[in-house]
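Per-chain residue numbering starts at 1, and chain names A, B, C, D, E and F are given in the order in which the chains are listed.
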Amino acid sequence: MLIAIPDVLQREEALALGRAIASASWVDGNVTSGAGAALAKRNRQLPEDGEAAREARMTVQRALAKSPLFLSAALPHAIYPPLFNRYSIGDGFGDHVDNAIRVDPATGTQIRTDLSATLFLTDPSDYDGGDLVVSGNFGEVAYKLPAGHMLLYPSTSIHHVSEVTRGERISSFFWIESLVRENEARETLFDLDQSIQHLTIAHGAGDAEVLRLTGIYHNLVRRWAKA
Amino acid sequence: MLIAIPDVLQREEALALGRAIASASWVDGNVTSGAGAALAKRNRQLPEDGEAAREARMTVQRALAKSPLFLSAALPHAIYPPLFNRYSIGDGFGDHVDNAIRVDPATGTQIRTDLSATLFLTDPSDYDGGDLVVSGNFGEVAYKLPAGHMLLYPSTSIHHVSEVTRGERISSFFWIESLVRENEARETLFDLDQSIQHLTIAHGAGDAEVLRLTGIYHNLVRRWAKA
Amino acid sequence: MLIAIPDVLQREEALALGRAIASASWVDGNVTSGAGAALAKRNRQLPEDGEAAREARMTVQRALAKSPLFLSAALPHAIYPPLFNRYSIGDGFGDHVDNAIRVDPATGTQIRTDLSATLFLTDPSDYDGGDLVVSGNFGEVAYKLPAGHMLLYPSTSIHHVSEVTRGERISSFFWIESLVRENEARETLFDLDQSIQHLTIAHGAGDAEVLRLTGIYHNLVRRWAKA
Amino acid sequence: MLIAIPDVLQREEALALGRAIASASWVDGNVTSGAGAALAKRNRQLPEDGEAAREARMTVQRALAKSPLFLSAALPHAIYPPLFNRYSIGDGFGDHVDNAIRVDPATGTQIRTDLSATLFLTDPSDYDGGDLVVSGNFGEVAYKLPAGHMLLYPSTSIHHVSEVTRGERISSFFWIESLVRENEARETLFDLDQSIQHLTIAHGAGDAEVLRLTGIYHNLVRRWAKA
Amino acid sequence: MLIAIPDVLQREEALALGRAIASASWVDGNVTSGAGAALAKRNRQLPEDGEAAREARMTVQRALAKSPLFLSAALPHAIYPPLFNRYSIGDGFGDHVDNAIRVDPATGTQIRTDLSATLFLTDPSDYDGGDLVVSGNFGEVAYKLPAGHMLLYPSTSIHHVSEVTRGERISSFFWIESLVRENEARETLFDLDQSIQHLTIAHGAGDAEVLRLTGIYHNLVRRWAKA
Amino acid sequence: MLIAIPDVLQREEALALGRAIASASWVDGNVTSGAGAALAKRNRQLPEDGEAAREARMTVQRALAKSPLFLSAALPHAIYPPLFNRYSIGDGFGDHVDNAIRVDPATGTQIRTDLSATLFLTDPSDYDGGDLVVSGNFGEVAYKLPAGHMLLYPSTSIHHVSEVTRGERISSFFWIESLVRENEARETLFDLDQSIQHLTIAHGAGDAEVLRLTGIYHNLVRRWAKA
């Protein structure tokens, strides 16, 4: 599932975060790339162990923990500590598939990258180009979201960031190992959760079908979680 | 899932079918047993290729095709041609698990026995003993249903028929290869189908949640069918 | 995977087929719909057992058997006998998910609908509206292909045909049960087959890596086929 | 699998534990409920972070680690820190399915609830009502075990506690993430382990079939563990 | 599992069959090869539709149906109609993996090639070279069996026939789609079946552990068959 | 997959390690055995918590982390802390299957033993007998590798160490839980990785097919990792 999640950070909060890290010192983005990707990548990243990254990371982590839409769509089991990148004029990132396994630098834990996320810290009006273009099993779609919005998409997809031709694009990006590995299973759970929420609003949490569907939801999670 | 399905045949129809085949000639029930089961089995069966069995079989097959509860609970892919057995005084069948694969004598097709079914052609008042006792993952439960009712239960279970001590018990029995092999997956689909039917009655077939849940149902069938 | 396959029929052949069946008699399209879909469907279909449908069906079946791109992308195990529909002004088909299981009317075989296909028999210039709009895990994309081209897309997707506002749209449509049930597995095999074909052209069929990758391809098919 | 495990605690030990925590202060049981469950739940629980709960928890954990029947039937990968509840007159808990994922408060680890357990700390003669009623794929069965005995049952089941009408029922309850997620696979392993133990007693640990079956057991665990 | 099955045909019967077909007319072996294999193959085959092949095929099919070891090890769901090949001096077949899917020419059914079989119709003393060399996950092993014996091996393996340097080697070869797709699962079932047979001989078919293990065997077949 | 990995340690380094631990004190090898294995085992082991074992363990762990062939073939998720054993004249270890689950003594983590490894610390010329004999689905193969080489083989296999009849054999042994549980899946990934490495050397890391195959590799890892 590809889903655009609005207001993970409030717009002002996102822009402030972008400005705060913009003034830190940045390094070549290839520090986190696999061998194949390195050829295609032209951008900068915030060093993971700097003070600026540490604070910004915690801001993003707190926001994720409070986003019901993110939690329902991603069913996160582990989240790679958020990173930050910056595309200036002439920067871009060619077509690639993300590496399947990342090691969390803080804990040494292997994280399977089921989902990729980009949280926008600049507004579309701040730059030209810089589209996140995802090629999936339904063709190619380009995304450029307002500051504070986040694109969540399967790490199985081929994707690229088109060349920036004006201004600058600053984002946070990271990967999620979901409790539910398979994209189509996770989508089914998301749809079922949406149905249950609508029925709960319409008929109450004690409604017999709400209770039955909730049981089905938990038994499907049980079947697919960590499996 | 173990489920008692009422009125697969109307009571009078079931009793008439039982009487009709009772007058045919019967043989030792071990003709259809695996090696281990033979030790434990004491009953008689109607020869598969006789005229009486042929007609009775078609009556049962027509009844199954018209039972929505059977179709929703079993999601049949193939049904072994129904057989008929008869427990007289002193007969019974010790604990056993049904063979996993049966060959349809008509077509030579291998049928995986996911579900076992017993359709009762005599009434509980016609005999003492003769309970169908199913030991599953929730303990042991004994069943003795009215004529025309059918017990559908996982072929993975250990089950036995207790000794008949009065009268006679006549039934049809057979196995089903389901589109959905796994018992728990089939149960989830049955529950979801029940929910969709209740919501359709309450809110109409065009209701947005009915449509969404119907899509989820079909995508889950697609995921599990023949897999 | 969603894929547009060009020239399944040559353009003239496709248009001729469309004209040939246009003059036959048509019926309400809901004859093949599930209960939910019926509410949303407004179109006409060619009766399955008519002479016109029989000949047109064979034309489409012969074309499919000769399309390497279709065979590689779909890995067909069973193909539902092609049907034909017709959207005139005011016709359309609301959002729906296709039924998971269809029974082949010729053989009685259950077909799991993994993939849906629409083969266009009129040109985009012949009508306005009538887009095939597929909503998948990468958003919503609208398709309207030239006569003779075919759209192949996962039956798991929600899709609709937008209202025709000028002219008429005639197509063949059908479903495929693939040897490989899972969409992502089938896509991986398609990508690997493409790679092998490119490497074969570049380095020859006897190249060591071509042979090794061909072995990997067959072992992955073996793992996933009919499973 | 549903299984009643006798003497996880000796009867006197269990009753003493029940008396010891009875005098601590208790809170509304809904502190650990999911949203749906809260509607149906009327009981009290021991606060997780109190001294009484801490000691009682360790008593239960030590007992579990020494129960071969529990270890063989549950194949535990993670055990939620045992909780304690108390049903007084008028208390009960309506039909519900347990939440699929619980977070261990001590470690922050997500625990998939494959199995639910109730360890009885009062005797059946101490109260009326208060049955643990489990509805599974073999119908509904009610349980009320002696002090020190434990009921282990699939968390996929719908279950309720009937209203207490006399006296008081005190228990420990918790969830287990098994190495083997699937109920039927876990049951097969339990049956095979029972067979190996019987054959070992009869023919010795060095018997050729004991060795072969032990190899099969370990290879089945390897296939299913954490998968 | 790779297994050598003795006496599928009696030695004299096998040699007689080899002599009988030797006098028929043979064609280039590449008629049944996939594209990659064709490069590596130098042998002759008996045309599938000739009278000689038809009779020889039936002889082999009857022998397979009567071999308990073949049936237990292969758990056949479909057997490709046996073919016959002949390696003369200078002939051989380079390393290759068999195609995953074959179409039964008689029925049009797709057969997944889980297992490959070679039934030897000449004796090792009749030729030099001509070893069947199988490279699996335990290294490379060469086989050359007496007339009437059969090698059954996973079609997933890379294998070749070394060049014949003296005499001539005549064999029947074919593929099996097993009820149980996965090699390791099929091996576990074979081991369990062997154990049950040994325990039955030692303790009788009515022994409690024989019955329990037989139930486990059938439930494992049920879990894996056609899945 | 069974694979012999050369030079995990340099020959001199391996022999020096063997000599260093030889002078420590050793205990009966049955300290780490399951019940069945104990009957068949006659060797000595280095106590896990001694100073000699601690240092030797770190030497082996550092070597494993630097072996690309080990990392690609095993895709390790967890490695049991390496142990050390010693077979003197008359010692040996009968046929057995390794236990499925081991608990890491350092962390308490359960490790599923997918792969077994033996790193040889003495040379084949130092002893007679002492072969590591692995019986897998391709028959039985005996291994005796030079000092510093390591045999990696599926823990599902039955294996034994033949009796030592001259000299002494010292090795490190341990188990690996792979990211990819299934042997055949892991082998496919290894083959694909080998192909990508060869194509990268021949055509460069930016070659279109190298990039496509790398994407396929990562999506297959994603599909199978931790699943």
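Quick note on the criterion: contacts are C-beta pairs under 8 Å (C-beta built on N, C-alpha and C of every residue); 3 or more make two chains touch, one makes a residue touch a chain.
Just so we're clear, the structure is a prediction, and the values are computed from it rather than from any experiment.
Participant: Going only through chains that touch each other, what is the minimum step count from chain A to chain D?
Facilitator: The least step count works out to 1.
Participant: Touching both chain A and chain F, which chains are there?
Facilitator: Shared contacts of chain A and chain F: C, D.
Participant: Taking shared residue numbers divided by all residue numbers at the interface, is the value for chain C and chain F over half (same) or under half (different)?
Facilitator: Same residues, largely: of all residue numbers at this interface, over half are found in both copies.
Participant: When the contact pairs of A-D are compared by residue number, which of A-B, C-F or A-F has over half in common?
Facilitator: Matching pair: A-F.
Participant: How big is the gap, in whole Å, between where the Cα atoms of chain D centre and where those of chain E centre?
Facilitator: Each chain's C-alpha centroid was found; their separation is 50 Å.
Participant: So the centre of each chain is just the mean of its C-alpha atoms; given that, what is the distance between chain A and chain E in Å?
Facilitator: 51
Participant: Distance-wise, how many Å sit between the C-alpha centres of chain C and chain E, to the nearest whole number?
Facilitator: Those two chain centres are 38 Å apart.
Participant: Centre to centre, by mean C-alpha position, how many angstrom separate chain A and chain C?
Facilitator: Those two chain centres are 33 Å apart.
Participant: Mark out which residues of chain D touch at least two other chains, giving numbers and ranges.
Facilitator: Residues 156, 184, 215, 219, 223, 226-227 of chain D touch two or more partner chains.
Participant: Please list, in label order, each pair of chains that touches.
Facilitator: So, checking each combination of chains, I get A-B, A-C, A-D, A-F, B-C, B-D, B-E, C-E, C-F, D-E, D-F, E-F as the touching pairs.
Participant: How about chain C: which of its residues touch chain A in the complex?
Facilitator: 1-2, 134, 136-139, 141, 153-154, 156-157, 182-184, 187
Participant: Tell me, which parts of chain A touch chain D in their complex?
Facilitator: Result: residues 77, 179, 205-206, 210-211, 214-215, 217-219, 221-223, 225-227 of chain A touch chain D.
Participant: Could you pull out which chain C residues touch chain F in their complex?
Facilitator: Of all residues in chain C, those touching chain F are 184-185, 188, 191-192, 194-195, 198-199, 208-209, 212-213, 215-216, 219-220, 223.
Participant: Quick one: in the complex, what on chain C touches chain B?
Facilitator: Its residues touching chain B are 34-36, 39, 95-101, 110, 112-114, 155-156, 158, 181, 226-227.
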